[in-house]
Structure formats: C-alpha cells, structure tokens
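The following pair of complexes shares a single chain, chain A, combined with chain B in the former and chain C in the latter.
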Partner chain A sequence: MDFIWGLVQILGVHTIIGLSAYVILLTGQVSMAQAGFCAIGAYIAGMLTVLAEWHIIPGMLVGGLAAGALACVVGFPALRVKGLMFTVATLAFGEFVRLFWFNFDYQISRGGFEIGPLGGEGFRQIRFFPENGWSTLEVAIFVWVWVILIMAILWWMDRSRIGAVLRAVGEDELAAQSVGINLTAVKVTAFTIGGFIAGLGGGIYAHYTTHVEHLNFGVLLATFAIAYPILGGLRTVVGTLLAVLFIQGVLVEGLRFLGDLRNILFGAFIVLAMNLRPAGFIDARVTRALGRLFRAERGGA
Partner chain B sequence: MIVDFVQNTLDGIFVGSSYSLLAIGFTLIFGVMRRLNLSYGPSIMLGTFAGTLLFVEFEAGLLAVAAATLAGAVLAGVYVERVCFWAIRRGAALASMVSSFAIWMQLEEIVTVVFPDRTYPFPPLADFALEPGPFFVRGDHLVMFACAAAITVLLHLLLYRTRFGLALRAVSRNPAAAAFVGINTGLVLFSAFALASAIGGVAGYLIAAADQQITPFFGLWATFKGLIAMTLGGMGSIPGAIAGGLLLGIIEAHSGWYLGTEYRDLSAYAVLFAFLVFRPGGLFAQRQTLRSQLAARRV
Partner chain C sequence: MSETLLKVSDVATAYGAIEALKGVSLSAADGEITCLLGPNGAGKTTLMMTIAGILKPRRGSITLRGEEVAGRAPRHIVERGIALVPENRLVFPDMTVEENLRAGAFSRDDAAEIGRDVEAMFTRFPRLRERSAQNAGTLSGGEQQMLAISRALMARPKLLLMDEPSLGLAPLIVEDIFRIIRELNAEGTTIFLVEQNAHMALRIANHFYLIEQGRVVFDGTPGEVEEEEIIKRAYLGTEV
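For the complex of A and B:
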C-alpha cells in the first residue's frame, strides 16, 4: 500500500510542477527554468523546517515566495526576449540555479550531527514527515490538497478576466498590445506565478523524498515540466493532470516491468502522442465537443 | 601572468573550435527549420559510441572509428528528423521540441543498454604537443582547430557556391517562396539535417578523441554547448556560431583558471544570460541587420 501512496505523492508533485509551466505557457513562452525554481523552493523550505525547525506549511510558503520573487526579478530582463531566445535564457538560468546549489554549503551541528545542505552531496535529513509521525497516506492527502487548491485557483483564473488576458498575449502579442494590454506586466506576472507554484512543488518534493541534491533539478525535470502541459493541451488545467497520469502513471510506472526497454518505448509513445495530437490531449475540438455536450444536457433538462 | 592569460586564451580558442562546430550544426537546423532539436547532442553521442564499439570490439583503426562515428551520428540525426520534424506538421514547434526530448531519452537508453559501463575508452587522435616559447599546445587540439577551420571553409563554399546551398538559403529565408520556385523543400530540410548531423559527428569525434573517453552524458553536454554557442553568436548565423563557440571556449578557460573549475559552467551560463538580455541578437546581430537593410535598399 505504501508503494501506491508513494506513487500518488509523485503524481501530485509532478502535477504541481506541470501547472507551474502551464501558467507561463498560456502567455506563449516556454520556460525551462521551472526546475530551477523548484530547487529554490526545495532547498529553502528544507532549510526552514530542518535548520530553523519551522512547520512545513510556512516553510513551503516562504520557499514558494522566494522562488516567485526571484522569478519576478529575473522575469523583467528575461522577458525582453521571446520565443526560442527566452527558452535558452531560462535554460541558462535554471542551470545557473542548479550549479549554485551544487556549490552551496551551509551546515550546522545538532546533536553531534552536521546537518544542512552540503554542495554536491546534497541536502539530507529533511525529515519533517517521519519526525512528526505522518503516514504515507497522510502525506499523499497533504500533497493532493495542494494540487487541488492550485488547480482550483488556476481554473478560476482561466475563466476570469486574468485568464483571457494571458491567453490574448499567448495567441497574438500584437493584437493584445493594440487593445491596451501591457505585455511586459502580463508576462512577468505569469512568470512570477509560475515560479511561486514551482517553488511550492519543490517544497513538497524535498519533504517527501527527505533528500535533495542538485541533480534532481536538472534539464530532465525542466523538460518534463513543460512536456506535461504541452502534451495535455493548453485549453484547461485538467490536460496537465491527464498528461502527468499518462507519463508518470502509465509510461513510467506502468511500463516498469519492461526494464531496459522502458525508456525506448517511452520515447516512442510520446512521439506518437505528439504526432496524433500536436495541440495536446485536450485541444480546442475536445473542449468544444465537451461544451456542446454540457449545453445539450442543460437544454434537455 | 601575461603568459597564463595568453595560454588560457589559446586553450579556449582550441576547445572553442569544437563548440563552434556543434553550434554550426545547431544553426543549420535552426536556420532552416526554426525549431529546436534537443536530440542533436544525443545523436552525436550515439555516433561516438558506434565508433567506440568498433574500437573496443574489433580494435579498428583511426579511420574506421571516425567513419563509424560519422555514420552513427548521421543515421541517428536522420531518424530524429523523420520522427520529430518531418512527421509533425509545420507550426507545431512545441510538439517537435517535446518529441525530440523523448527521442533523446530513447537514444540515451539504447546506449546504456548496449554499453552498461559508465565510461568507455576512445582512441586518441594525435599524441604530440608543441611548445612554442613558454606556451603549450596539444596536438589533438591543433587538429581540432584545423578541422573546424576546414569545415567552415567547405561549408561556406557549399552554401554560397552551389545550387544546393542556394536552395538551402532560399528555404531558410522563406519556405513558401522556395516551394513556389520549384525547390523540393522537404528534401532540402532533410539534407540540411543530415549535413548538420555530419558536422556534429566530426565535432563529436574530435572531442571524444581529445578526451580519450566517452560517457552517455556526452549527449546532454553537446546539446548545451552547441545551444549556448549558437545563442551567444546570434541564432541562424554561421559566422555568429563560429564566434560564439570561440567566445564560449575562451570564457570557460578564463573562468576555470581565475575562479576555479566549479565556476566554469556557472560563469558560462551567467554570460549567456547577460548576452540574451542585453544583446538579444548575439554577437553578430547589428551587422547582420545592417547588411540585410543595405541589401534590401539595393533591391
């Protein structure tokens, strides 16, 4: 049973990281920095609960805020460029953050042990959950409360004026600008929100694995983060969740019995999915069909 | 003091010439496709492993290893082109990027299944060194630089003196117009991809021969170096790619020497970020636009 709940936790954290990239993708920008923001959230939340002995919730929030603040600061210069340039710039920034933690040491002595992040060794002993007696089920529920909260907020945002503005920028910058939308403000806001959500995700990640190191936050995680919303489709937040279930649940866990062949098939399945649905699982056609379905039901009742 | 500085710059230029080759391959693909190929480095990595397979299993000679490396890289590159770029319709640039990432994982897995160890030996190319005055120059670095220069010249001739080069430049400038005048754009894209992979294969061979060992991580490394060098020089410009590669090599050599090896990559990323923000067009941005403005006026 613990294995199942462990998987449920992984799915939850990956959904949060995918959603962080989703917000930025809405404005038409591909950010490869999400793994970097995740690392910031993970290390800061971990240091707060381990070294300062905070509760996990304020620790996570501070970690998320730090990542969001950095995203805001970096966003102003980075968003001067767009398209592939922005992707490369965020890739450079993400790797910069990873290498920063690779060179970062801050250890204190407690009870005869040295604890805290130690460069390439990583940050061990992030033991908030076991020390406070949380079971894996409770941790899984905790993770999914966050997932549902974030999804609900993004869902609401999508349907409000904010979502319309974000999508307008993503669809056609010139048109958006000509109706008086401040492009820089919108993009930096989206980037900040994305950084904040990635930071939250990193905070949870650090606590359920109990050990983080810089290698966890490499280009692999960054690419996964943008692959989820792209594969799921940018029409709704549910697409990202579906893509996480598909990639992490079906392709990674479901194909584990194949052993070495897994990654080879993994690649083939993703290429196949992108060939069949270049705009994602839930594209405009699906949302329209769903919309008709619901309207028809309402009309019939 | 000054000797160290010059020596570092020399080292940077020699190592940077291999980055230039990687960046040229990237630029060719990006210039004609306008899409990002994350699998570029991994397909080169597959080529170097094909070369090492011949070396380890059959003790093949230098030429055979080089040929196998090149063939492996081109085959893998063509596979990537068919699956990630040809099969996915134009306009879905994000889908291509995600697909190329998936193929990257595939190529890496194939290599780790066939080669379970972490590192494998690669035959050295030239085991001599020159010592002009107080300086020290490795022979394989000299060969690397010479190859990079030769390929640059050949590529220039190909692009500006042949019909294929003209077609490639036409497709890169405006695919629709190129198709209207009867250019087989699909074939040109395919050939550009194969050409880029071949150049990448040469770069991969030279780098692996200088390091005398290879790991599956080489794919990620090559993608990063090529991407950074291409961006430093300005995307889609061949002279820019060369300058960007040399600049990246020099930055790495100096920061590794003065700040310590752990800051080598860190400073490369910092410079790249600064470049993108303050000079988004790269090194050659201004001149390119000026020249095309002049050309437009002449027309």
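For the complex of A and C:
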C-alpha cells in the first residue's frame, strides 16, 4: 500500500506545480521558471523545519511567499519581453536558481551530525514527517488537502472578475488594453501567484522525499509544469489534474511493465493526445456539454 | 460651435527611433462626429492608441474636457470616459459574447448597472442576444464589429474612438454600422472616427482632419472637404 500512497503524493505535488503554471498560462505566458520557484520553496521550507525546527505549515508558507516575492521582482523585467523571449528568459532564470542551490552550503552540527543543504550533495534528512510519526497515508492526505485547497481557490478565481481579466490578457493584449486593463500589473500578479503556488509545491515535495538536490529542479520538471495545463486545457483547473493523472499515473507509472519501450511510447502518447485534443482534455465543447448536463439535472430535480 | 471635448496638442509618438506622429494637433467638439482621414501608415491608428493610453506619447498634451490624460494608463483613460473600438475589432475570440460585453465594464464596479447595460446592448443588437453564449470568434465580421462597439459602450464613454469600423465589411453591413454610429451620436456620445471610406464618412461627420506622414495637413467641414483637391483625388475618386 505504501507504494500506492507514495504515488498519490507524487500526483498531488505534480498537480500543484501544474496549477502554478496554469495561472501564468491564462495570461498567455509560458513560464519555464516553475521548477526554479519550486526549488526555492523546497529549500527554504526544508531549512525552516530542519534547521529552525518549525512546523511544516508555516515552513511551506514562508517558502511559498519567498518564491512568490522573487517571482514578483523578476516578473517586472521578465514580462517586458513577450512570447518566446519570455519563455527563454524564464528558462534562464530557472537554471540560475538551480545552480544557486548547487553552490549553496549551509550546514550546522546537531547531535554529532551535520545537517542542512550541502551544494551538489543536496539537502538530506528533511525528516519532519517521519520524526513526527506521520504515516504515508497521512502524508498523502496532507498533500491532497493542499491540492484541493489550491484547486478550489483557483476554481473560484476563474469564475470571478480576476479570472476574466487574466483570460482577456491571454486572448488579446491590445483588446485587453482597450478595455482599460494594465497589462504589466496583470501579468506580474499572475506570475507572482504562480511563483507562490510552485513554492508551496516545492515545500511539500522536499518533505515527502526527505532529500532534495538541484537536479530535481531542472528543465524536465519545468517542462512537466507547463505540459500539464497545456495538455489538460485552460478551461478549468480540473484539466491540469487530469493531465497529471494521465502523464504521471498512466504514462510514467502505468507503463513501467514495458521497460525501455515506455520512454519511446511516452513521447508518442503525448503527441497522440495533443493531436486528438488540440485544445486540451477539457476544451470548450466538453465544458459546454458538462454545463448542459448540470443544468438539465437541476431543471429535472 | 459646441464646446471642445477632446483636445490633442502637438502630440508626437514613436516606435523606437521611428516617429509615427510628428506633432499632431486636433480637437473633437462635444456631441459631434469628427473624422480622421489619411493613407495607410499616416499614423491614424497610432493616434487612436495614443489617445487611449496604449501608446505613450513622447511629447504633447491630450486633454478631455480640460483634464490632462496624455501618458496615463489605459485604465485611467477608460475611467475618464474614453473608450476605443480597436482596428480589426479585436473581440476576445474564446470568450462568449456576454463575457466580451462584461469585459468592457472591467473599469466599473456597479454590478447591477453592468447587468442593466448588458441588457441594453442586447436590446440594441438583438443578434448579440441570440449569440450571447456563443464564442465571439464564431461571429461574422459585422457581428464582431457590433460586439466590439457594444464592448466599448459598456465603459459608458463620453468619447468613443473608432478605428476603421467599416474595415473588411460588406457594403450592407457598413451601412448598418454607420447607422449605429449616427444613433449613438444622436444619443449624446461624441465620436472620433478613423475612416478610409470617405463617401460614407461625409454623410455623417461634422468635421474632418486629413493626416499624412504623422502630420495634420488639412482640416475642415464636409463642404470644405468636398472642395479640397487632394481629398477629391485620393479619397473620393477624380470624377467627383
């Protein structure tokens, strides 16, 4: 059973990271910096629980806030460039963050052991969960409480005026300006929220793996982060969740029995999925059909 | 002569090193329809976007009823009462018609009044009501233009800027659009219009400006426009 709960944790964390990219994608920007924000959340939350012996929740929140604050600061210059240039700029920033942790040592002695991040060796013994006797199931529940909380907030946001403003910017920047939207403010806000959410995801990630190193936060994770919302569709946060289940649940874990063939099929399946559902798993037609279904049920009741 | 609503004085706007507006001065009188003519690349759209706050002028002043708005953020300008119907309509294609209308009221906070205004737009344009839940990208060109105009009206502007509303539309639809412009004007909205279709514009506008290479080269009443050789040749055809 522990394997299953372990997988459930992975799916949860990847959903959070996908949602962090979702918010930014709504404004039409593809950010490759989400793995970097995740790393900031992971290291800071880890240091707070291990070195400062905080509880995990304030640790995660501070990690998320730090990632969000950095996203805000980086967002102003980065969002002056558009489209592909923004993607390249965020990719460079993500790598900068990764290499920062690669070179970052901060160890203290406790009980004869050296603890804390140690550059290329990584940051070991982030043992908040085992030390406090959390079972794998309890950790999985903890992860999913965060997932559901974040999804619920974004679901509400999507349906509020904030969501409409973000989408307006994503659809047509000139039209958005002509209805009086300040592009920079909206994009930087989305980038900040995205950084904060990625930071929270990193905080959980560090604690359930108990060991993080710079390589965890490379281009692969950044690519996954944007792949989930793109594959899932930008109509609703549920799309991102479905894409995580498909990629991590089916393609990565479900096809393990295929051995090396899995790596080849992985790419093929992604290409196939994008061809079959070019606007994502949940596109306009699906949302309309679901909308009719719900209205019909309410009408019949 | 009625009061001046919009006054543009010596406005220069540049894209990098290229100066698209080289000191433009003009004005739009309250309650009138003012029309800007000019060839492609003359700076018509640049001027519209500068007035709307999307582009920042390098120098000059733009006042609305005496209040300086040059260089202010688009939000501020929309709140002051200037709304732009952009060139090529630019509706939000993946949003529904109703969401597009509500987007036009982003600068407002009065939810109940916004709902009433959406209803008023549907009454004015029944086609939009029929298609209220449809994505704006699926509308015809004429319907998109009506949506773009309604979206701008949702901000309750005193001054409506319209950048080539007849562009790419069938003649019958163009007639419709011009009828709407006249109606809006009769209801009290001041209109500042960019138009290539000088024949149509002559029938509705009170005052004309001709802009070439970033400068105003002529201004006058419809009667004066019809007497002006350059405009006759370039915009009305030589046989006039």
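Just so it is clear, the second predicted complex is superposed on the first by the 299 of 301 C-alpha atoms of A that agree within 3 Å, B and C clash if a C-alpha of one lies under 4 Å from a C-alpha of the other, contacts with A are read in each partner's own complex, and residues count from 1 in each chain.
Just so we're on the same page, a contact is a pair of C-beta atoms (placed from the backbone, for glycine too) under 8 Å apart; a residue touches a chain by one contact, two chains touch by 3 or more.
A quick note: this is a predicted structure, and the numbers were derived from the prediction, not measured.
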First (chain B), second (chain C), both or neither touched by A:V8: neither
Touching partner for A:I230 - first (chain B), second (chain C), both, neither: first
Broader residue contact with chain A after superposition on the shared chain, chain B or chain C: B
A:T87 touches, of chain B and chain C: first, second, both or neither? first
First (chain B), second (chain C), both or neither touched by A:V219: first
Touching partner for A:E171 - first (chain B), second (chain C), both, neither: second
Contacts of A:L51 with chain B and chain C, given as first, second, both or neither: neither
Chain A positions touched by chain B in one structure and by chain C in the second: none
Sites on chain B touched by chain A in the complex: 30, 36, 38, 83-84, 87-89, 92, 94-99, 101-106, 108-110, 112-113, 220, 224, 227-228, 231, 235, 262-263, 265-266, 269-270, 272-273, 276-277, 280
Chain B contact footprint on chain A (complex, rising order): 30, 77-78, 80-81, 84-85, 87-89, 91-93, 95-96, 99-100, 102-103, 219, 223, 226-227, 230-231, 260, 262-264, 266-271, 274-275, 278-279
Residues of chain C that touch chain A when the two form their complex: 52-54, 73-79, 83-86, 90-95, 99, 102-104, 106-107, 135, 151-152, 155
For the chain A and chain C complex, residues of the former touching the latter: 161, 164-165, 167-168, 171-172, 174-182, 284
